[in-house]
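Letters A, B, C and D mark the chains in the order given here, with residues in each chain numbered from 1 onward.
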Amino acid sequence: MRKTNKNLREIFANGGMAKVMAAHDPLSAILVEEAGFDGIWASGFEYSAAMGLADVSLVSMAEHLNNMRNMAHRTSLPIIADVDTGYGNAINVIFTVEQYEAAGASAVVIEDKMFPKVTSLVEGGRQDLVSIAEFQGKIEAAIHARKDPDFLIIARTEALIAGRGEVEALERAQAYEAAGADLILIHSKQKTPDEIESFVSNWRGAIPIVIVPTAYPQMTEARAKSLKKIGILIYGNHAVRAAVTGMQNVLAQIIRDGGIQNANETIVPVSEIFRLQNMDRVKKNEKRFLR
Amino acid sequence: MRKTNKNLREIFANGGMAKVMAAHDPLSAILVEEAGFDGIWASGFEYSAAMGLADVSLVSMAEHLNNMRNMAHRTSLPIIADVDTGYGNAINVIFTVEQYEAAGASAVVIEDKMFPKVTSLVEGGRQDLVSIAEFQGKIEAAIHARKDPDFLIIARTEALIAGRGEVEALERAQAYEAAGADLILIHSKQKTPDEIESFVSNWRGAIPIVIVPTAYPQMTEARAKSLKKIGILIYGNHAVRAAVTGMQNVLAQIIRDGGIQNANETIVPVSEIFRLQNMDRVKKNEKRFLR
Amino acid sequence: MRKTNKNLREIFANGGMAKVMAAHDPLSAILVEEAGFDGIWASGFEYSAAMGLADVSLVSMAEHLNNMRNMAHRTSLPIIADVDTGYGNAINVIFTVEQYEAAGASAVVIEDKMFPKVTSLVEGGRQDLVSIAEFQGKIEAAIHARKDPDFLIIARTEALIAGRGEVEALERAQAYEAAGADLILIHSKQKTPDEIESFVSNWRGAIPIVIVPTAYPQMTEARAKSLKKIGILIYGNHAVRAAVTGMQNVLAQIIRDGGIQNANETIVPVSEIFRLQNMDRVKKNEKRFLR
Amino acid sequence: MRKTNKNLREIFANGGMAKVMAAHDPLSAILVEEAGFDGIWASGFEYSAAMGLADVSLVSMAEHLNNMRNMAHRTSLPIIADVDTGYGNAINVIFTVEQYEAAGASAVVIEDKMFPKVTSLVEGGRQDLVSIAEFQGKIEAAIHARKDPDFLIIARTEALIAGRGEVEALERAQAYEAAGADLILIHSKQKTPDEIESFVSNWRGAIPIVIVPTAYPQMTEARAKSLKKIGILIYGNHAVRAAVTGMQNVLAQIIRDGGIQNANETIVPVSEIFRLQNMDRVKKNEKRFLR
């Protein structure tokens, strides 16, 4: 497995909670690392958005994988890869796990929705789940396929999103732990943390929980830590939303001003991009190796 | 050729000046279109930056091409593709032009540097130029390769960047026009518009000029139009700089706050990303075609 | 739509039958064109095989599409793209059709299996079909998505493969025609043409039929033409089987001989590869454009 | 580095000679492994040919790399990657070595031609060489970039191909050894082994030599071994020539016969393709993990 600056499992094994931020390309992944997060969320939603596509299984596995591999080459943080449903059934999951582990991911999140999926946060989206037995087979296939036991298989249940209620959510989570999952990701689109906090307090499993508090921003890191059972907290889509915000403002300003005379002051200079591209290393190597 | 909302040639043929903004992925290209620009600059520098790589010919043609094709599928603006040196000699230029035209570009910019290149704005970068005769061969090859005469071949001279002076810059521009170029891109990294304005005032050619005023932001659109000879004004890297600025600020805020409770207010909501992904169309089509 | 040397629809509209051969890369596509076939089958099975992968939806759409686009750039025959189930539901079909048409295909074949699929010819493979209504939705979505009415939507029913019998096969074919399909592909893995001939003789629809006689090689072109209703006959996997046969023999010979002294006589010379790569055109262009 | 069934260095370190066969896709790589060769030559020429393109630097590094990575995933033989000139200067070489090592190659061959290249075997092709000093810088950059010292840097000199004579060829080889190369590849297009045998007998360096006897097939493995200094013998393009031969014959036969009734007997059955695709493993995993 790719060597990272920290091992994800170590963080939460010692009672810690990893805070992980979404990225959609190597540049945003570099910014996530520089900002001080513990890991990178190779988000399917962010990547679809960067491609200008709806997050409904239009982006191919090969494309998301390649993007994730490029992130891995440019950063040293552990990467958690969002592989949706595993791109098909248990056979596809085996291929997916083999490929993402080889490409440098530290973990995959596989969810119990039917393929093709609709993103969880859309109003009125289809939210069909596969049976518990079928999803257990997918988790077992993932465990079977990984080479390094530190490559984490995170089982994501969409039971709350699908309106199946907490009892089924807990039942699914328990079944997924029994099948070998290393962590359970429980997703909610309620506007407050209540639903998640209730689930967590009723969780009797031995493995930690992953949450994605996009819809309930009151769930700060401190509050999540106080629940004692959260191993990873993922910020699911803030990098791409920040990028869009930055671009919309500046592009509008340039149109308004009829030029870049003011915009130049509100954005980082070109030299900052050079720094992020590691031009210094290139110049040093040019001196050393170009004849 | 891909149908665009405007034909680039028409804009400047009628004395107009197209204002064109860089993009690095389909999402930024969509934002450029929404902001009101006339065209998209499929920038090699921005794309390298998005890939986390220095702009020194590390990104493959196949990757930049694929990114450009994806932009073309998601937007209706004309796209000017930055193909550096054409990825090799005149033979490579032929292949490059065939591929970019087929992928939906409206124009390519080919520059007279040696391959592999260093980005023009770096202090002390190598800036070797190919001979005038060799570059004329490349322009003729590009003209020969295009299928649609409205696919524009823009010849970019780096003579000023390379410190060769205005006389050589004008000589090169003239030679490139003679070889069939549709426009001349003249690049400068001086901090004021003087160098460019002098070149433009001394330009006797019949074809319009393209400028990229990154280094001299005093060159507003109004000022450029007053020169009478500017057909296209390209903003070369402001989208990626705006994206980085937006992300750096928000990621730092989240780290500082230990959560997204405040960041959520400073960035566009998830629903804005859905809008940019055209989720509405997906939902409409789901209603119509899913049984 | 990409200009091809013949329009597929014209061939069978005039009572003709197009004979189409599978290819797995641009080189085999060039050989198919040179051999005298009427079209290229951008086969999912062959492409998976070339990738060394089982044909169970492991290869991504983006990869198959890219391979097909490369075939289109190097040949002038019409290409029929094998897009399996359309890579998901009706929403995915829309994206698939848009992408393949833009990439230069002349037709897509979409099948009524569930995703992810197992190849039809494997003993004991899972062969679940989607409902007729669901598949009609996918056909309607495909029709809706195409830009050129000459881009053909071919509906493939796996009813016989799945053991559902001729009655259901006819019912499905009829329903798919009603939904707008341009042709019906009926697949069989019986070792003789009986099953297919019975289906064809009982077919009352107005649109032509496509067959793939891999399992029943007694179905010659003459015999197929005599059935009057066959618009396209596809040879599904003979190019890759011929390539494997050629390579296995020669590689074994080289191992056996401890050298290439004899193998060199049994295979085409390097100059034949140069010819297929169009080196002549490169040399001509080098003379013309290299200075 | 990827675990392979043998370590290349071990083979020739113990006085052995590795025999290595070209492949152009994962399928041909699998056949090379099954036939009993010691390694796979991820040939640029074969890959260009498979893409239907002349071998003149039209194929992007990203594409060749991706193909090589796919070969590495499907085989266990060591892979020697043909990276032409390293896709640019010493800076590009660093990126190239990082990428190919991460993708699972065991070695790269870098040649001392100018970029963009023309394939070595074409009559009258341009054959410009870079200076010795420049190429030493590229080798040093490659050594600097590799992570595993068992990742081999093979320096290929085209001095004989370029008509520079044996003295310069030996001088270059010596200089490349001094710069750190692990082996020297010496290429010749003479129709007999004389030129190569003379070079080898005059070679005073400590590192082994690699030869590619395409043009002089009299050079059997036994004869090469008797020279004592050959570490690797590469068969450069026989897989693709065998594939073309197989396909041309069978496609012509099908056209001639108006059907596959006879061709079916001359090629491997579909079941052989299933075997190569590892369908057995898929079926076993379906039984185990599909619920």
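Observations on the structure shown:
The rule is simple: contacts are C-beta pairs under 8 Å (C-beta built on N, C-alpha and C of every residue); 3 or more make two chains touch, one makes a residue touch a chain.
The shown structure was predicted, so the numbers you read here are calculated from the model rather than taken from an experiment.
Among the remaining chains, those touching chain C and also chain D are A, B. More C-beta pairs in contact connect the chains of B-C than those of the other pair, out of B-C and B-D.
Spacing of chain A relative to chain B, judged by their CA centroids, is 31 angstrom. Rounded to whole angstrom units, the spacing between the C-alpha centres of chain B and chain D is 37. Spacing of chain B relative to chain C, judged by their CA centroids, is 38 angstrom.
Residue positions of chain C with contacts to 2 or more other chains are 53, 56, 73, 89, 91, 282, 286, 290.
Of all residues in chain B, only 53, 56-58, 60-63, 87-89, 91-92, 95, 115-116 touch chain D in the complex they form. On chain D, the positions that touch chain C within their shared complex are 21, 25-32, 34-37, 45, 48-56, 70-71, 73-75, 118-119, 121-122, 124, 126, 213-214, 217-223, 235, 237-252, 254-255, 257-261, 263-264, 266-270, 272-274, 276-279, 281-283, 286, 290. Residue ranges of chain C in contact with chain B, taken from their complex: 66, 73, 89-91, 93-94, 98-99, 102, 131, 133-134, 136-138, 140-141, 144, 282, 285-286, 288-291.
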